[in-house]
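Shared chain: subunit A. Partners: subunit B in the first complex, subunit C in the second.
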Partner chain A sequence: MTTLPTSPLTSPREDHSLSLRGSRGLVWSVLRLHRAALWIWLLLLAAVSATMLWAYGPGFDAAAADLRQQCRDSVVACHFPSGPWYGKYDTAVALSTLVVAYLPFLVAVWAGAALIGRELETGTAHLAWTQSVSPARWLAAKLAVPALLITAGTAVLIPLHRLMWNGGEELLWADWYDQDAFHANGTVALAYALCGLAVGALAGLLLGRALPALGVAFAAMLAITYLGNDYRPSMWRTVTVTGAKALNLPDDSLRLDQGVITTEGTRIGNNLACTDALDGAADLRRCMARGGLSDIWATYHPRSHFWPLQLAETGIVLAVAALAVIAAFVLLNRRVATASAAASVPPDRRTAAVGAAV
Partner chain B sequence: MSAFAVKGTAEEARALPRGPVRGLPWTVLRLHRAALVVWVTFLLAAVGTLVWEVEVIADSVRERIASCGENGGLCRLTTLVDYSGTISWASTLVYYSFFAVAAFAGGALIGRELENGTAQLAWTQSVSPTRWLAAKLAVPAVLLVLGGTVFVLVFRWAWAANRDLMGDDWTFNDVFAARGPALVAYGLCGLAVGALAGVVLRRSLPALGISCVVMYLLNHNLEKHRVDLWPTVASGGSTVGGLPDDVWQVGDGSFHTQSHYWPMHLVETGIVLGVAGLATAAAFGLLRRRTA
Partner chain C sequence: MSRDEEGIALAAVGLGKRYRRRRGPVLRNCSFRLPAGRICALVGPNGAGKSTLLSLAAGLIRPTEGTLTVLGTTPAEARTRFAYVAQSKPLPPQLTVAATLRLGAELNRARWDRAAAERIAYGPLAPGGDRDGALDPTSKIRSLSGGQRTRVALALAFGKRPELMLLDEPMADLDPLARRELLGALLGEAAEHGTTIVISSHVIAELEGACDHLLLMGGGRIRLGGDPEQLLAAHTLLTGPARDLTGHTVVESRDAGRQLTALIRPGGPLPDDWQTAAPSLEELLLAHLRNPDAPDLFTEETVETDENEENARA
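So, the complex of A and B:
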């Protein structure tokens, strides 16, 4: 593994670490090889954490003062929050939510391109395997070190984001089920980031080239995120209510569907009949009788479903990540087996087999 | 120039160009054929979707709305969202594809060549560094202008075809850009910024990252300040509740009428093309100084 770093290996400190054996050396070499990514990750963590802390404390206070001043000046302007500090606060919140929610994409393209794809493309991976490191251990280290750092980083980002978001609810006009906020406010942020790592690594191994792996990893994460957003409401049992309750769902509910039941007992979804009958139960009964309906219903997720939905999605996404990791190891083992089988055939056919395997 | 093709074999030698595109431009196309195929497929899919939605789907959408009945508010809405959403997806994806262009230019077109040394190898042959960079930029630029123009024309037609079925208006970020030359300008700017990042950093992945970040900063700030690109009309307080249709309201009560679309759009196009020109000049200047 000592041959991996392409930059100078001559400083005394590095000579010292060369003597490290086993997994410590392997971990160190992963960190050393990807030190640029490590620094960017630490910088990103520091910048986003600082932004979120500012938005939670002084930013929120300044924006709220802006808004109070505006409301004193004119009642109409009160409904269109603006102002220098409000603008800064809004941008800070939006940017940090963006970073936390879309972090998995960054992880996936990095894992596909820099962590695995480039190593296979330039042949440094194959060189490492000829030394004391088996391919499986090489991949294990490549996945374990970033996974630990990602877990540690998101363990800081998610609580800070929750702090900022819950603290600013009266200014933000945001709902708990907004896609980006949902991604940034709970454990799914960690699950998607780890899934990005696994999918990126698999794409890198499959393609063996940095830039195509980058593109494929990005597209795969796009598909996974899209499917997650699409099927999120079905990941936990919804609540169905009938009658007048269907017209007055609890505050902050995610309304999913509304419909009617006819007097013949047929259930019709996606129908807003009698929605305007808000003047009490008698009004609703009159409207239903007029339309030949026996009842109206609505399905929704109350706010209390936030954590069940988070945990269910976390589990599913982690399962996808685990499948990708297993596929990556199986693929790698098979390739290495093919390559070493090729070592026993004549040289001219050997190159072809290794080429096919890589 | 066959040195460009990494797997130089007899098959490659046979594949020497016979068509209208020869020499240096041909090698650029040949080397980046995967990108070419992906880009052409993507553009054809976008254009095809627009034509399909307008020519085939629109009528069935009207039928579905008619069958929604009197109380079908939600049914009507979801049907409209399906149609309007598909068209807006096409414009969103093609508009923001300048990120992919920047990533390609920084990563694959320039950065990887300088990192691997294939560029330096080409320069030892009959191609000077300046001509090498010129071909690398000219071929994708021609394709971007051609493809972008086709998309803008088709999108203008598709966007205007069934206004009653669409939920957007001219002020939407993607609609604003995709109805004119700004879409093409962003593509060219992505190309130039990517090339500059590639020449400066000489490594594919850092160049890819930096060019995407630069394009994000440029695009994000221009989108944010679009309303300031042309003087607004002051409402004067007397027109409360009586503003003309389709205006772009700016926070303080003043607004842009739709007649401001072209001035605003062209100012933005000019700024983006200016950045593209500066980046191209810087890339050539730097390359010449390095290889002098």
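So, the complex of A and C:
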């Protein structure tokens, strides 16, 4: 008999119809084993969606009406919005942004601890592997089913959050590049959540225990999120302007750096010389001449860079997720027996299998 | 696949397993063959490597060296055809008994025997009503006792209708009544379907009489293998005056002055002034465990198959 050379991730023995039939059972088993998590996910979706819809509609209207009234009564209130309705509205927006932005952490600790870590710790994963399901297909189902549910859920959350955010701009005083808002307002929310799933699963497989996997998954997501926030501005080409334009960047721009160019041509970053020359081009020229500068410049992301930045970061984070998934499969396949391992014993060695005879 | 491979349920060649690189191996140069259709007791002291051997056979871990052939192929390829019950009887605690059986059905869609699984879990479909030990389908796994969980784990194994059952210490948690019942069910399964059954245990007494094949593990390898009757017949327990035992294989000997007690494999006729007796299975196993240097022994039957193979190939 011969062994077909196969990729470690697939088994040649499972023909298509069989693997489809088997998959349905696997999907059922993932949903049944993690039924509590499924309910919590649905409840969370419902609660956050309801909160965001309230904030978009009645919450915003009530707060705005209340503030208009206050503004008519006292000028101070126009500049310092407060009051019970505004408080409620602000809390609702802040909470729902928080949940959508930090959802990836929730997914990661769940995937590390409950989805994979606990199953390996108690041995119920091994129970599945000794039914008619290969470990690789088990892991594939463990990743695919939650991934689908996460995608479906965030596909509801992100548009709702955008609706609430865009609708409430005049009350929120927040910028498009605020970290939490950026995380909740676009496709990166989905990318980070899927990355959390992959990283959590990898941590669970790597450690094989629920609690350590929970900790490591959280720490890994913390690191990834931190790096994402840190390198976000460099994920899309910035705009640099010089002269008077550098003093008056378009509204809602994310100013990254500004500086001066000396008459010798040296470029100095992080320098605020002459930025107080607001009276016009003539004022600026006088100031530069006084300081021996030939020009000033500023680097920024205009608001129109929101989607390019979102998509670039989404791509990078999804690539990280893909790497984690590949690592998880490789790790699993190195640990358990796979179909590609040697299948038969050479005949001459087989006789040697038996020791001394009577 | 050649025919002789179909007749062999388990075959190991030079099998070795080491968990951590710096620690010693759990299995070392372990070789044996188990013909199909046997009820095999895998016995040995704690830490002898029984669980490791069964995990290897179930494809849950990879050997560091050597090969293990399960039902004529690799453990991974044979996955659908064997059942494995781990020592800790892991079952999802949040499921009910009925949901656990459903899980077995969903994960073994191609070959699930619902009746067989429910017979083990809920007891035979007798009109007599409730039986002791039978499980309530609605009770959660979390609330079950160790023995009851063993029953569910075995029900999953039976429902798979396997050709080979690998059972790691299945009897340890069971009360004597349940032990008898489930052992009876295993024997019935083997008789009816020709299922090969491997049961590991460190208490040989609970399997004596039920098994027709014995594998004794010690020091990370198989020390004795074969039909227990034949293994016993190959050994003699003798008492008599101390004398040179050259020509016989001495498994264990104890000198008490001029009097000698020894368990030997006779290599020729024994002198008349020695009293001989047939050892019990327990005596045989203990003597081998106490003396790691005693040579390994596999009964002729296992080798015969081998010679036939050689002839067939020639």
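As a working rule, the second predicted complex is superposed on the first by the 315 of 358 C-alpha atoms of A that agree within 3 Å, B and C clash if a C-alpha of one lies under 4 Å from a C-alpha of the other, contacts with A are read in each partner's own complex, and residues count from 1 in each chain.
Operating definition for what follows: a residue touches a chain if its C-beta (ideal position, glycine included) is under 8 Å from a C-beta of that chain, and two chains touch if they have at least 3 such contacts.
All values derive from a computational prediction rather than experimental measurement.
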Counting only touches as set out at the top, which of subunit B and subunit C does A:Ser294 meet: first, second, both, neither?
neither
Once the structures are superposed on A, label A:Thr275 by its partner contacts, choosing first (subunit B), second (subunit C), both or neither.
first
Tell me the contact category for A:Ser49 with respect to subunit B and subunit C: first, second, both or neither.
neither
Where does A:Ala114 make contact in the superposed view: on subunit B (first), on subunit C (second), on both, or on neither?
first
First, second, both or neither for A:Thr238, with subunit B first and subunit C second:
neither
Using the superposition on chain A described above, determine whether A:Gln258 touches subunit B (first), subunit C (second), both, or neither.
first
Please indicate which partner A:Gln131 is in contact with in the superposed arrangement: first for subunit B, second for subunit C, both, or neither.
second
Of the two partners subunit B and subunit C, which one touches more residues belonging to subunit A?
C
So the subunit A residues that subunit B and subunit C both touch are 36
Within the complex, which stretch of subunit A touches subunit B?
36, 80, 82, 113-114, 118, 210-212, 214-215, 258, 270-275, 291
Residues on subunit C engaged by subunit A in the complex (per definition of touch)
1-2, 5, 11-14, 31-33, 56, 58-62, 67, 69, 72-77, 79-80, 82-84, 86, 88, 90-95, 99, 102-111, 156, 160, 222, 225, 230, 234, 265, 295-300, 302-303, 306, 309-310, 313
Residues of subunit A touching subunit C in the complex:
1, 3, 11, 13, 18, 21-22, 24-26, 28-29, 32-33, 35-36, 122-124, 126-134, 334-339, 341-345, 347, 349-358
Subunit A-facing residues of subunit B, complex:
34, 38, 71-75, 78, 103, 107-108, 112, 204-206, 208, 251
